Amino acid sequence: MKTQTNRKIIKSTFIYLLLSIFALFFIIPFLWILSTSLKGDAQIFTIPPQWIPETFHWDNYSKVFDRIPFLLYVKNSVFVSAIIITGTVLSSSIVAYSFACLNWPGRNFLFIIVLASMMLPIQVIMIPVFVFFKEIGWLNSFKPLTLPSFLGGSAFSIFLLRQFFLSIPRDLLDSARIDGCSEFRIYWNIVLPNAKPALATVAILTFMFSWNDFLGPLIYLSDQAKGTIALGLGMFVGQYVTEWSLLMAASMLMMLPMLLIFFVFQKYFIQGFIMSGLKD
Amino acid sequence: MIHFKINKFNKQQAVFGILFMMPWFIGFIIFGLYPMIMSIYYSLCRYDVLRIPQFIGFGNYEKLIFEDPYFWISISNTLVYTVLRVPLCIIGSLLLAVLVNNAVRGVKFFRTIYFIPSIVTGVVLSVVWLWMFNPQFGLINSFLAYMGIPGPLWLLDPNWSKPSMVLMSVWSIGGGRMLVFLAALQGVPKHLFEAVDIDGGGWWAKFKNITIPMLSPVIFLWSVLEIIFSLQVFVEAYIMTQGGPLNSTMFYNLYLYNKAFNDFEMGYASALAWLLLVISLIITVIQFRLSKRWVHYDGVTK
Amino acid sequence: MKQIIKIVLSLAVLIAMGLFLFMPDSKPPNDGKIRLKYWMVSAMKEQPFHVTEFNRTHENIIVEPTPLPWNEHEKKILTSILSENPPDLVFLVTPVAKWATRLALTPLDDLIKRDSFDSTIFFSALWSEMRFKDNIYALPLYSNSYAFFFNKKLFREAGLDPENPPKTWDDVLEYSSWLIKKDEKGNFKQMGFIPTYGNVQTSIIMAWELGAQILSIDGAKVNLTNQPTIEAFNWTVNFYSQFNIKDVSTFIAGFGFAEQHGFISEKIAMMVLDNSFPDQIKLYNKNLDYGVAEIPTFKGYAPVSSTGSWWLAIPRGAKNKEAAWEFMKFAVQKNIQLTEAERQKALLFPSNKLTANNPAFLSLNESNKIFVDLLEHSKTPTVVPLVHDVFWREYMGAQERVVHKIQSPFDALKQAEKTIQIHLDETIEYDNYVRSQVSIK
């Protein structure tokens, strides 16, 4: 018994060691962004690199609020992201269900099309789509950014969820069908609850994408009152001079909500499976 | 001819199958098919967005393949980058997810830190790495100098520029990728791992016999996606190197972007885009064929 | 109970989202005033003087400037013209020809004629940029000028006479050999001159000096393998032959902006810089003991400088052409430009010659006279207007290959010339096609 406990201690120490090494690896650039956001412009590119600013320029953060209508942009970004997440999770899950759990003619062929649609670079899709939105009068609004997400979300989410749904045992679905459940009931009551981690992943990744999206807001939003924070960030990059510390401060402000969302959504991921030897 | 088993079961599935995928289908017609058709047409023209297109048949494609050195340079750069990067990223994320799936105290905190790569993106990420890679005052060379090793010029050296970018993307093994593998790991029934324990197997046995097969659909998913995304690498090169030094980081999508928005040669860019799609499609189909050998689906049979 | 709360909450969220998406835009107040949307770049922290003064002095027109992110503003302007609902005024720096040939701008000739607008107030290099084919499409708003900066303190340390800057390029070569300092490890601590570092390439200035005619008069043929350009490249190769290119690259990598700029941080003793630098030096290194002189030349040739033009134009399809024209005329007036230069720390020069030659403007900075004089002998970087980006990409690529000793100047330039010519031919053919179609209609 003592050897078992010892082995456990060695194992957990080893795990903590690994976790910490990687944590360092991931956090260093983040710390640099944080430290740069508090520096005056002179100290950013010194040799050797300075981690602790000489004076803490907390005013960099307030300057960000002065230079761009930051709170307004945040509100816009939050709404846009929320709508996109809702549309994506709902529609890509039902489409994925169709591809993964139902059999119908042409299914495999259309799935290849789903994949192929991810392979065309955005630069060439951009212009025809823009012209389309112009013809239906949706320019200079948030509609082109948000409403398409209800039409299947994105090929990426569909693909992801399909792979997850494929690992749900077939017998579960078939027995439900034999019991007389409609396909929609099976989708809503069996598949979705079992795929919470996958759905949470889609939600988080979709949020990341929409929060950081620059190109869409750039061409579809014209009024200043309609900016998003990704656009706001671009204001600090000039033709000859980039205001690094303000850019980093604005980035910090942009990144913190994402960390928060992730931390909150973690509850859909169970704590991880227990090491051997212990009972739940 | 597709044969249907005439029974209620299949008819119900077929009807609902088609019904449920309608949202995607409609979206695809508008945002996928229509732009695709337009861009095929543009690829057969000279077109600069603001004026009418001039039909020139396969002129763009001919020029690209036979007369444009940048086409071949950018393809080879992009392929090298993809081949170096994709295996590293997938293996890295997988191992990371396994690590982070342990229920030690505070794992939630670690997971949040590991998610940082996904939130540092685009311009800011490139700027941070520009700084890290700087031969004079960058973190990496300062660290190496501290250990007495003279560091290379990283992004400024034509031989090191692609490896630098690969290194940069290895940093992103955390974040969303890790998350996807983690979600998949959570779906593996515990008793399978416990069975290995009872048989006396250790970490490696679990990994080889349970984790990899059970996660193979997701690993396959990411291989396909990573390759597609790697072939479209753009932002890093755009911000950090603009294709240099000596065209070593002139990636396909960067060349396309230059053609589309700096030179206003949208027709030429569309031809570039379609060639990329064909290449990506071929690679993906090959992957799907190969997947039958190693991907293990528990649920619906393919 | 919990169910009801959930439903109510979901409904509230849905309604909020719906409102957000479908709420109609607020309309501007109906006061009979014309509102001009002016898309500019986000460099400035406050509205430019010409905007605020115009709004103050014009009762019926209000100019509403919107800053755009620098890197992406061209894409945005492109899509806005495509949308047929563009802003009333745009501010750009890329060649006018690039936009004019694409019918993106409204010609101004009728307005110029109607108001007898005097275009001689502009420097000739700037004004010639505004013309494409037979029309004028824009007015130059700002410009800049380059001159030769040298560090007097470093000259003294090297035993060179600080009041005697180099007058020829050979002098530059010689002086720079005295100004090199290395540290114990053999890395550069200081260099005299680096032809490929900075916003303007020394090689193109040299080529211009020697009379390079890169684009034919009819604009259809590119010639980079002319003798002047080859000589300019030869000089560059010769310069780099004494160094290891890796060492130079490492040295340059240590530079940045502001305090870390190569000249401002006193790591490079001589450099061709633009007129914003006296102010930058005052800001970031006020003890820098420096001098400004005319750009060196080859023996027997006159100095040539580079100038960029930042211009104002009216996009095609804009609705308030007359009002926008009033604003444009106002912004380039002598007095307005003078006051703006006096009050606002802009990094750019006025485009109006009368302002630039005005004693009040010249007295703003002791080196302004040199810059302004050089402006008369300047060329713009728009060497090949129709394929401007391709030209510079190929030119810089050729220079890079030459400096890395991969190709000889002739071969590198020949390769660049070939690519540029291919794209120029394509563009001209397309141009002709569009014109033929339009005239048929």
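Read from first to last, the chains carry the letters A, B and C; within each, the first residue is number 1.
As a working rule, contacts are C-beta pairs under 8 Å (C-beta built on N, C-alpha and C of every residue); 3 or more make two chains touch, one makes a residue touch a chain.
Model, not experiment: these values are computed from the prediction.
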| item | value |
| --- | --- |
| Far-end chain from subunit B, centres as C-alpha averages | C |
| Interface with more contacting C-beta pairs, comparing A-B to A-C | A-B |
| Distance between chain centroids, defined by C-alpha means - subunit A, subunit C (Å) | 38 |
| Inter-chain centre distance, subunit A versus subunit B - centres from mean C-alpha coordinates, in Å | 15 |
| Where subunit C touches two or more other chains, by residue | 75, 82, 254 |
| Junction residues of subunit B, two or more chains touched | 49, 134, 136-137, 261 |
| Numbers and ranges of subunit A residues touching at least 2 other chains | 45, 47, 127, 214, 234, 237 |
| Sites on subunit C touched by subunit B in the complex | 74-75, 78, 81-82, 98, 102-104, 246, 249-250, 253-254, 387, 389-390, 393, 397, 400-401, 404, 406, 422-423, 426, 429-430, 433-434, 437 |
| Subunit B residues touching subunit C - in the complex, by the definition given at the top | 46, 48-52, 54, 63, 67, 134-137, 153, 156-157, 244-247, 258, 261-265 |
| Touching residues (chain side subunit A, partner subunit C) in the complex | 41-42, 44-45, 47, 67, 79, 82-83, 86, 127, 130-131, 134, 139-143, 146-147, 214, 218-219, 222-224, 231, 234-242 |
| Parts of subunit C lying in touch with subunit A, wherever the complex brings them together | 13, 16-17, 20-21, 25, 41-43, 45, 66-67, 69-72, 75-76, 79-80, 82-85, 93, 199, 254, 256-260, 276, 284, 347 |
| Touching residues (chain side subunit A, partner subunit B) in the complex | 12, 15-16, 18-19, 22-23, 25-30, 32-33, 45-49, 91-92, 94-95, 97-105, 107, 110, 112-121, 123-125, 127-129, 132, 148, 150-153, 156, 158-160, 163-170, 177, 182-184, 187, 197-198, 200-201, 204-205, 208, 212, 214, 230, 233-234, 237, 244, 247-248, 251, 255, 258-259, 262-263, 266, 269-277 |
